[in-house]
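Supplied in structure tokens, the structure appears directly below.
Just so it is clear, A, B, C and D label the chains in written order, and each chain counts residues from 1 on its own.
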């Protein structure tokens, strides 16, 4: 750490209502993360929200007494020039697109979850081309910068970035960090005293070890989950009780999203019910967004409001801030990231993205080795990774055959004659973001 | 082939209405397969049917002028003593059990197919312990005999036999042989002139090469399928048209059962509809059985009736007869069998059962090497093999945790809170055949 | 087999003294292999020998009363036009080059064997570029022809052809066919009644199964080897007795060349002694060549002289003739060939060449699946394959770093400071054939 | 770290002249490693040396003013009772055995290196049974203790312990720690500022990353080695210059022992010359030992003498002390250890020992993931691991066939007819330590 070095941080999709959390995290680390310039980037259509957030950001910085210049712009290239860290948290097509995904999926009797199934597929196809555009600009304007991606579907977007750009990219998700916080609470110990190792894919991850005081506490945390002391399941996943026989014999703690695989019917039925009663996830999120913006507008507000922590995405930005600091300060701390597999998980390709615990240094992210998974768990991971890999391929090339092959494998998608039409409708409604798929409309 | 050697062939589950096909095949090969004794074995409850079949068998042999002694017995050990070939074609719990499987599955909104999903699981749990009992008896009474298994679920039963007995075991299915016949017809050529190589698992198999006249005709056969000239799909699978984009780019020809994976919603909906209208598969089969028996009873009948060929199981026995002859005569012919993987399909365990084309000699079944599958196809095969392997483990040990882990992976099973109850009901209704699961009833 | 089809066969390097064996084989199969034109190709420097051989060939054909036109030419392209089969048996640099290899190797206290070690490396670097030139010409002039390579080092040349051309290529060696013949003699049975499966790499191959009369006779053949009844070891390998403990526990029969690995010191000492006493292999071969040519010159000779069978290379051409017939007649016979691995041997790359038993059809060579090797044997195979793969890379690109990495791995090469000089001297003396390495001379 | 906890540390083979280094390390960490009891264990035959060392140890402790009780005993079980850490550094058969190994190897024209080749094999066969005896005693007397093995051959001894006991075992070697120190010096930076990742097997290890100040410095360190600034090669390896082409293209830094593979002839010739001139390694070591003991005897000496640092084994004990502290204090520091592979190095069995960098916690050693090696390097690692695995098997079972299979693979061993005799002579001269091989003497 050069004592005179100052940092330029860029936030793409700065109009997100999570930005205050990010700002709070940066301010809390200002002594170790000497940010001089914070560039907030959004698109024209998002500028109203972005202005509200930028103003709050300035008030928060002023309150903290930090010397950070805030720049709000739609000129992404200007923002990227000589950046040190780029946080990607945009939403391609904004909340409207997510609502559309859920509606189309429902029409074909599937679920519109934004990182999995038909919804995840659609989201990936919209998002990946933009993410790659950003990376290509970075290769020219700030080739040594780190790209911290928390844009969903985070696993697939990170895989695309790792495969198709040279930029140092790390994918982040709040699920592992919330598992770690939750485990500490459930064990009644300090989070810092825990060494948790997670492994899997984004939203398909398990805690493999929860080490504390010379012992592995997987069994204790599992028991706490079964005893109703579940402090790991985020707001957006129904906290169905796990099958005790299954989870007790598993020897690892599943993330909340694994209910899509271990309790698929229950969760899908719940989502259908919610969709039909207009209380679907996207609608809820849109409503909360509106409330948050209202609060943010208050010119006397100069801290992150508590209510933000109650959303599913909580602690996303905290992970990002901690990662920036670990890289900048070569902390060698262990964090949970999406990175290139390179053999960390046996049985997956070297070049795919995996979500693993890793040692963070200023020059490299070194994953901890993952002890072999039980064969059945590995098969599930391999299946979903292949869904992701084919989806990335489809997204980049507009390849409908790859799309079908991806969807056939996905356990929460029904294959069949309705898929062709569902893909066509998805393309039709998203054509602005999916130019590579234009050929579908001419069939 | 010792010119003075005569053979003892045993048929277990001889009361099956397919037996006349087997007898027809044996008679057609009598010049190369010198059978002196044909032992027909069934259980007390099946003796009425077994007698009808045995009588028809005798009439067929007499008509053919062959010198084969027919023995009908319930004493399996007596039958097995010094046997050369044992054909296993029994149905544990008879047709009633299959009807129960379909009913229970339907109750939990799943399908009761006899080789896959909850029905396949139930069938495996009933059947595998009996199959292993037979093999254990063979290890004592006829340790050098070959066991030809066509008892369903053939893939899982064969895997159990390969793993837990020393008897030389080959699993058979009529699907590949019907693909070969169909391909020849679709190409308008003689079946003998084709060299077809298949690979996969039982009911999850693809034609990888269809060689004829110096060329691979996969593309032609695929086109014929799309052109409506499908001569491969058996009666028990709805002949839905394949997705042209998917199948044309696949470079191999899927077996009809792959519709459970590529067109799952269509086929499942069809099965639900059939179940609800009482036209489910098991009912249909029971009805046809009754008709066949009526015909078989006719004392003037001394050949296999043509109607038998119209059932899904056609050519099962022909494959068995050809296999016996290939082994006995060291023909080195290429047949399609379930055998130990041993590396034939990369990415599967060495000791699991796979369905592949193999060179048949009198001392060994040598699989043809399988060129690597595309990654997505491999993932599907690996997933289903893991379902099979866990099901075998569950069947042998009464292990409900293995059962759940198996069912979670199966793409045509919904996971969730209903599974516990569905397993319990399955055990309750089949407890006679699933003593290892008795502990479930005490929970 | 089209009844009116006639064949054009090309022999490259026709001046080899083995050619009469090839001609004998073709004539013996004339009823099933309707050759109309036999093109004999050699280079100017070899024309004297080539003429002698061509004349003998014509006399042999006349004696057999076959209607085959013989063409001797130095115009390779003319010969290749519309060919059906191309037999490659040339020796780059002729016998002089082999002598040089042995001399240089000896100088650096290594052995100059023509398929392994420094000699094999040198031979590969001379030969592979020419082999690829031939294949490139074939891609234009006879793209559907089959290329049968028996040019040494056969394994590496075949690997280069499989990787860098589209021509259907099969590599042949006389070692497996001699093992099969030998095994039959040692067992006292007919060769046709044996089903032998071999697997490994060229000159690093084992008989995995020797099936006869319903049993595997590996143990009997092993015992015969130990009892002094070794009918498998060719003239050019000293018939040292195998270690009884090692070979008896191996469960497979090693080819004679495995003495380079299992008895390296003995064989290397023997070769050094021979080299120093001027009775080295290349000198011996040159002498025998001279004698053979003298015999061939005899205008009354119209059959293959018996003496040819006593050389190490015996039955090479027979394998070639049988392969042509199997392909042309779609015999589905099992032959031992060098072909693309594609998973046949687990633990080797898909795209490398392996030596395995395969079913020969008119459109494809389908290897028999190879049951997994014991781990230590696999490690040896993997090591030598990596030597081969790096040597091929070095040969094509003139890459001295790849060359060193190859030689470091080779168990019969000592690594060290002498290697640089040995490579330089090899290049210097062979620069005509190794233009890609010219840069070495300027160092 | 329980503030009241005190530790019991046991040193087996305490008469080693390295013990003062270990004591120095423990004293330097006394503030973080509260040792109350230090048990020094040796055998009767070693008591004279052991007493000298124990007395020096007491003087060193007194000088440091620490409150550690020192116990010298031949009663290993008493020492192990309730131990917290057990350091294993014994030499089976003492220096005499090493001298014998070198002499026998030389007789058969091989080298007698103590961790590789015939010498390593012999050493493993003597040592592993004793190491397992110690572990078995620990399973009863101190089942929660950590076993720190630095007894050579460290890789094979650690593999045996990991496979055949339940004790938490870590293998240590001074090679990686010296590479790290050397790299820091060569780069002119502080060792603490470097993050070095090593991977491979014991004495067959490479630095894969040398991270400093946001960059990987592999190229700089490589260049320093070539520029004659080699600060990594220990005294016992001749510092031959590496081949510049090879090492520059390697992308990693080889440990000094890799000269046995990359420069085998040079190093072997050097060892032969040394052996013949009586300046072999074992003799040198014996001489130095004598000198050291003379120094240790001095009753005024109360610190580790500087001269000890000049031996090949320097910093062995330092690694051990740092490891104890990292475990006790849950430091999560990165150290270089021999531990269970578990997928860290792709292409090796899960259950074998590998030498890798790992995060050290109080409950688990978590290896850093190793990015895939180049194929040729992997082949070398796999080969040597198979040598090790077969040697361990031979050592435990007295299996001469496994021994031969091991030695055939080892690149610095010549296979051949002399091996049988060499094994027999090895057994004869070491029969006291190799009772499992007694059968060899009766042949």
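Keep in mind that, in the parts below, a residue touches a chain if its C-beta (ideal position, glycine included) is under 8 Å from a C-beta of that chain, and two chains touch if they have at least 3 such contacts.
Values in this document were obtained by computation on a predicted structure and should not be read as measured data.
Student: Need the graph distance between subunit A and subunit C over the touch network, please.
Tutor: Steps on the shortest route: 2.
Student: Once you find the CA centre of subunit C and the CA centre of subunit D, what distance in Å lies between them?
Tutor: 46
Student: Please list all residues of subunit D that touch 2 or more other chains.
Tutor: none
Student: Pull out all the chain pairs that touch, please.
Tutor: The complete list of chain pairs in contact reads A-B, A-D, B-C, C-D.
Student: Sort out for me which residues of subunit C touch subunit D in the complex.
Tutor: These residues of subunit C touch subunit D: 240, 243, 245-246, 249, 261-268, 375-376, 379-380, 382-383, 386, 389-390, 400-401, 404-406, 408-409, 411, 414-420.
Student: Which residues of subunit B touch subunit C in the complex?
Tutor: 195, 197, 209, 211-216, 330, 332, 334, 342-344, 346, 350, 356, 359, 361-364, 366-372
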